[in-house]
Amino acid sequence: MMNDSYSYTVAIPLILFFSFLIIGLAGGKLKPIVSGIFGTFFLLISTALSYYTAYSYFFVDGKSNGVYQQLIAYDSLWLQFTDKLQIHVGVLLDPISVMMLVVITTVSLMVHIYSLGYMKGEVGFSRYYSFLSLFTFSMLGLVLSSNIFQTYIFWELVGVSSYLLIGHYYERPSAVAASKKAFIVTRFADMGFLVGILLLSSFTGTFDFLKLTDPNGSALTQGSAISFLGLSVMTWSMLLVFMGAAGKSAMFPLHIWLPDAMEGPTPVSALIHAATMVVAGVYLVARLFTVYFFAAPDALIFIGYVGTFTSLFAAVIACTQTDIKRVLAFSTISQIGLMMGGLGVSGYSGPEGLGYTASMFHLFNHAMFKALLFLCAGSVIHAVHTNELWDMGGLKKHLPVTHIAFLIGCLGISGVPPLSGFFSKDEILTAVFEKNKLLFYVQFLVAGVTAFYMFRLYFGIFWNKQREYHTKPHESPFSMLFALIFLSIASTFVGLIPFSEFVTPDLKPFTSHIHWAIAIPAIIIAVIGLVLAFVMYRKESDLSGRLSGSLGILYRAAYKKFYIDEIYLFITKNVIFKHISAPIAWFDRNVVDNTMNGIAAITNFVSMRIRAFQSGQLQQYAYVMVSGLVIIVLVALYFMKT
Amino acid sequence: MIENIGIEQFLILSTLMFFIGVYGFLVRKNLITMLMSVELILNAVNINFVAFNKYYYPENLQGHFFAMFVIAIAATEVAVAIAIIISLYRKIRTIDVEQVDEMKY
Amino acid sequence: MNNLLWLLAIPLVTIFVLIFCNDKRQYRLSAAFGMGLQLLYSFYLVFRYTTERSSGNIEQMVFMHEYKWFDSLNIVFTTGIDAISLALVVLTAVVTFTGILVSWNMEKLPKEFFISLITLATGVFGFFITIDLFTMFLFYELAVIPMYILIGIWGSGKKEYAAMKLTLMLMGASALLLVGILGLYTYSSTDVNLLSFNILDIANANIPVDIQKFFFPMVFIGFGVLGALFPLHTWSPDGHSSAPTAVSMLHAGVLMKMGGYGCLRVAMYLLPEAAKELAWIFIILTTISIVYGAFGAIAQKDLKYINAYSSVSHCGLVLFAILMMNQTALNGSVLQMISHGLMTALFFALIGMIYERTHTRDIRLMGGLMKIMPFLGVCYMIAGFASLGLPGLSGFVAEINVFVGAFMHTDSFHRVATVIAVSSIVITAVYILRVIGALLLGPLDVEHEFETGDARWYERWANIILIVSIAAIGIAPLWLSDALIKSLQPIIQKLQ
Amino acid sequence: MEVVLFYIMAGLILVFSVLTVTSRRILRAAVYLLFVLIAAAGLFFIQQFAFLAAVQLTLYAGGIIVLIIFSVMLTSHVSEKLDAVSFKKASFALVACIAGAVVCISTILSYPFPKPTNGEVDASMKAIGTSLLGYKENGFALPFEVISILLLAAMLGAIIIAKRTEK
């Protein structure tokens, strides 16, 4: 449905594209701080526009007859394959995209402001801001996509901006390797995504989200009938699309790039690798939820299992890591796993769609508190110049504001009421409980583990024993603290938003309540985790060492991230490089090329033989000529008499 | 008179002379002697021309003139050939045909 | 002004002027001026073409002119363009012009260099504007021969070997091609007096399927060698790596496109029935090409070799798309030709510039160049992103057209081939990022004395022109793609 | 009379031809060639081509042989003996030549030559002169001119080739 009154929304991403171009092209000539302020200013405009859009969509005219409308605010033809199959670039407004607008612009704005302080004096400051603009532009483009191919386009663009930002410190080999890994792993997943799109479009004949996700439309019924290897084609294509989503959202086993991506500047981790880009996969599944639910329910269940498994897997690893950013990275993976789990068990209409709503709710909350946690971590790193947990301790006196903000973040993620995480996690657990008991118990456990590792971090950084620091740690500048305070407030209160009034799979609002029967055990297990962490890490003690020692092999495996990286390394280095690529290069040089050279050599050889006739001996030529002539005459005279 | 000699005799004579010339051309290694063999061949041809003119076309002189032109051409040929032989001799101090095999491959 | 012979006249006059120039300044200025003029003229042609089309001219070819050449065999030099050839003409003009900018400081025999380069370009222009098989063949040869001289004299490394190999393989291919062309000529009409080399005439002739099946492989392989069809691609790595910068650009950027264009315009268009029956063989070969080139590129250490193998992969995609025989795929193949032409020209230009400063092309010996030559570094990254198909740059548009088109076939053979081809986007990412990582990023290798200094003005302009073209197609592909689709209709109708 | 003369001439020609190609002293070979040429001139006389015979004597026997002898003297010693011809080479050449001769002679003998017309040949100086400069039927003005150009060209060529090149 076209709606012209929202056509200004196209400016929300475009402003940032221009910001990218201006800062990117003029970057070298501007004073660094000027490009920073430029970028922030442009983003501020976008943010204001987004808030205005959200306000008018949710509270003024988004609803019609009690149902939220999917509005096409802008549409233009970008590329035409056939008369029917076209790529449009457009703006689709519906509850989740408007919600994402708010999330992205808010977090991004905070990160922009934060970075003014954090990145001050770094080389490549302008470059940093131009890439931030590029990223925000692409991310906004992604969520506003009206077309699955448009999603793919921006999907790739966020991938590349992530690559560029992870590799910000490009002189550090580890950063280069990490950025490369991130890009290639997600690229591999995107290949699945692309094939999924191709498969989907070839059966439904459209890329358009509105046509694809229309529950009464023809798109959903096509392709379900044809099956391949026991699953319907629709299921296959949706699984492939999920592969793309899993790559971006770091689902097991494609999660390996995210911890390494922490090589990038910390604000980047907060923006891209915690709040926005990594949840793009969740967003994509939510965007195509109707298709999953009606045409590929098997794929949906699969997503639920993958998400839940990943959340446990990552949570366990998070308990053993000592790099604070990596702990947060694994925590992100774990939380995204929960969101995927929530989506996987969701129903479609009315309160059955709680899983969907909860998942989006959690996405929203997670963006706030995880960005907060990362920015706090950034503030800590800024103060002590190390990422290593055991090199920190006793910082609560030096960094009071950061301390409080971090505490709020930890409480939020652990699901302690009345902070935001409590509400969304409770809804997810409720939804899972009603659908699948196994998944419920796993997620319930994850909630406890989450509280444990988060408070392990908290106590490790801020309590524990005071360490020796090269320079006395000091609180961060105002721009950074402003972002921390803003996000703290947000994380505290966003949980009170009645999300089910806004975001539901069938676009019809419903009212949800807190299920205390599930909420209370969840709070209890979170508190248990908290207390455990308190006991083990409040003061320096050998308790944790003894525990890890007694767990032995399990602990080491978790510490080594279950050797997944090593497996990948083995596959890429030994299998692909050594046993495919190098042999092909050898084959090309030695077999294919030598065949060609061999043909040349044979020609050469033959001609060397033939040239012996050309001896330069005049008499030999004459002799051949004479005898040849005689023979020809003989033949002509005696054998060709007719 | 000449009627007593058949044209075959002339032809056989010239054939023999021709092949003697060819034999010389094939076996003599000295370029000058090869040149002489060529002269033999040319002369053999001349005899044929003249004989045919005499026996079958006495009313005009085509064979006769051809023989004359052959003689003229033989003269030019010898002149050029000897020039080549001499300059060759200056260059490589030999006129042995087997040594003159630069023009190969 | 819309006589296409201008496209030949301008370079020829430039060559003529060059003959009378006598110092380096004059050579490069006159060469750049001539080719700049050519570039402007090609833009003017685009403008004329669009006005012509929008005024309702729906002829297959516009701006047709005929010049009787050899009456008794009915050889008529016919010029004419549609959107496909026009796009390639503009590509050629862009690449030639930037090639001359890149060779601005050519030290060795600059006059002869520019003359040969422009001669080569003339051949290419002629090839694209003619719609007469005989002259097309003639221009093909005209483009290949200067290559031998250019690589043999101005090349580096094993240049004689590379030049010989390249020329011999292309000549061998052209022998096959000639047989094919003569075959087409012989069957172009049932009346001996009406035999014709004109593509449009031959398209109307009904050539029997058996005959088509005989000549199709010849024509396809003949052009395919130029388009680096596996396993006849081996001239390309050696040739590209030995050639001087501008020649690599022109060669990979434009000459290899002649292969694709020929396959499309001659093999597919004139021999459609055989194409349908025999396509599967070549689909297998091109699929191998795509993956094989990409894997081959991973293991290389020399920048030019990496790029040469990447060209094998990308040109494989061109031929792959052509064989898919539907509108989207064919459109994708033409877009891929243009896109690959631009980005590979950019790559080779950059490699040349980097080589000038580092005196090595071995990626193991370099590192951290971004620090000392940021402009070239950024350009290289953009070229890399275009190559791995980043949206917003031309490579993406071409690739999705190819993939979507190929996937429209519903049988599993085509689909499996397509999925394998799609996998190349990952492998491409691997080698591109590997090069970027090893070359531009990481710590600066201080053991090697690199000449510092970022791009000079002419290098900047060459890069900027190419990047702007790549981005223009990548951001707004619709106008180009629509024009191409219209021009592809006659070919598609034959193939259905 | 003519018959006897013919056989004498023919005998001389054959004998001296063989000697020309077999003699190992080059100067002698030249002299033998001279005899062959003179004998051939004799044959022309027998057939009443007096002018041709005269040309043969002056040009061939006179000019060419002298030229050859000069060149022999320039390039080798008078007393020098050439190497003997290798048996292999000689036998191969002989086989080819005899085979050729046999083929030709057998063809000649088996061919039924028609009876000669026996007309008188008018080889007087006048007839030769008019034919040679005539440009109508039976006129040889064009070849005559061509030959003259050829001679000129050969003269120039010979001078240039034999000219000592300065180093």
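Per-chain residue numbering starts at 1, and chain names A, B, C and D are given in the order in which the chains are listed.
Simple rule for what comes next: contacts are C-beta pairs under 8 Å (C-beta built on N, C-alpha and C of every residue); 3 or more make two chains touch, one makes a residue touch a chain.
The structure displayed is predicted, hence computed values, not measured ones.
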Chain whose Cα mean lies nearest the overall Cα mean: C
Chain pair with more C-beta contacts, A-D versus B-D: B-D
Chain whose Cα centroid lies at the greatest distance from that of chain D: A
Between chain B and chain C, centroid-to-centroid distance (C-alpha), Å: 63
For chain C paired with chain D, centre-to-centre distance based on mean C-alpha positions, whole Å: 67
Mean-CA-position distance for chain D and chain B (Å): 5
Between chain D and chain A, distance of the C-alpha-averaged centres to the nearest whole Å: 101
Multi-chain contact sites of chain B, meaning residues that touch two or more partners: 22, 26-27, 29
Per-residue multi-chain contacts in chain A, two or more chains: 619, 623, 626
Multi-chain contact residues (two or more partners), chain D: 89, 92-93, 96-97, 100
Full enumeration of touching chain pairs: A-B, A-C, A-D, B-D
Residue ranges of chain A touching chain C (in the complex, touch as defined): 28, 77-82, 85, 87, 149, 152-154, 156-157, 160, 163, 167, 170-173, 176-177, 180, 183-184, 187-188, 190-191, 194-195, 198-199, 201-202, 576-577, 580-582, 584-586, 588, 592-593, 595-597, 600
Chain B partner contacts - residues on chain D that touch it in the complex: 2-3, 6, 10, 13-14, 17-18, 20-21, 26, 29-30, 33, 36-37, 40, 43-44, 46-49, 51-52, 55-56, 59-60, 63-64, 67-68, 70-72, 74-76, 82-83, 85, 89-90, 92-94, 96-98, 100-101, 104-105, 108-109, 113-114, 116-123, 127-128, 131-132, 138, 140, 143, 147, 150-151, 153-155, 157-159, 161-164
Contacting residues of chain B [partner chain A, same complex]: 22, 25-27, 29, 34, 97-98, 100-105
Residues of chain C touching chain A in the complex: 165, 168-169, 230-235, 237, 292, 295-296, 298-300, 309, 327-328, 331, 368, 370-371, 374, 385, 388-392, 396-397, 400-401, 403-405, 407-408, 410, 418-419, 422-423, 425-426, 429-430, 433-434, 437, 440-444, 476-478, 481-482, 485
Complex interface listing, chain A residues touching chain B: 611, 614-619, 622-623, 626
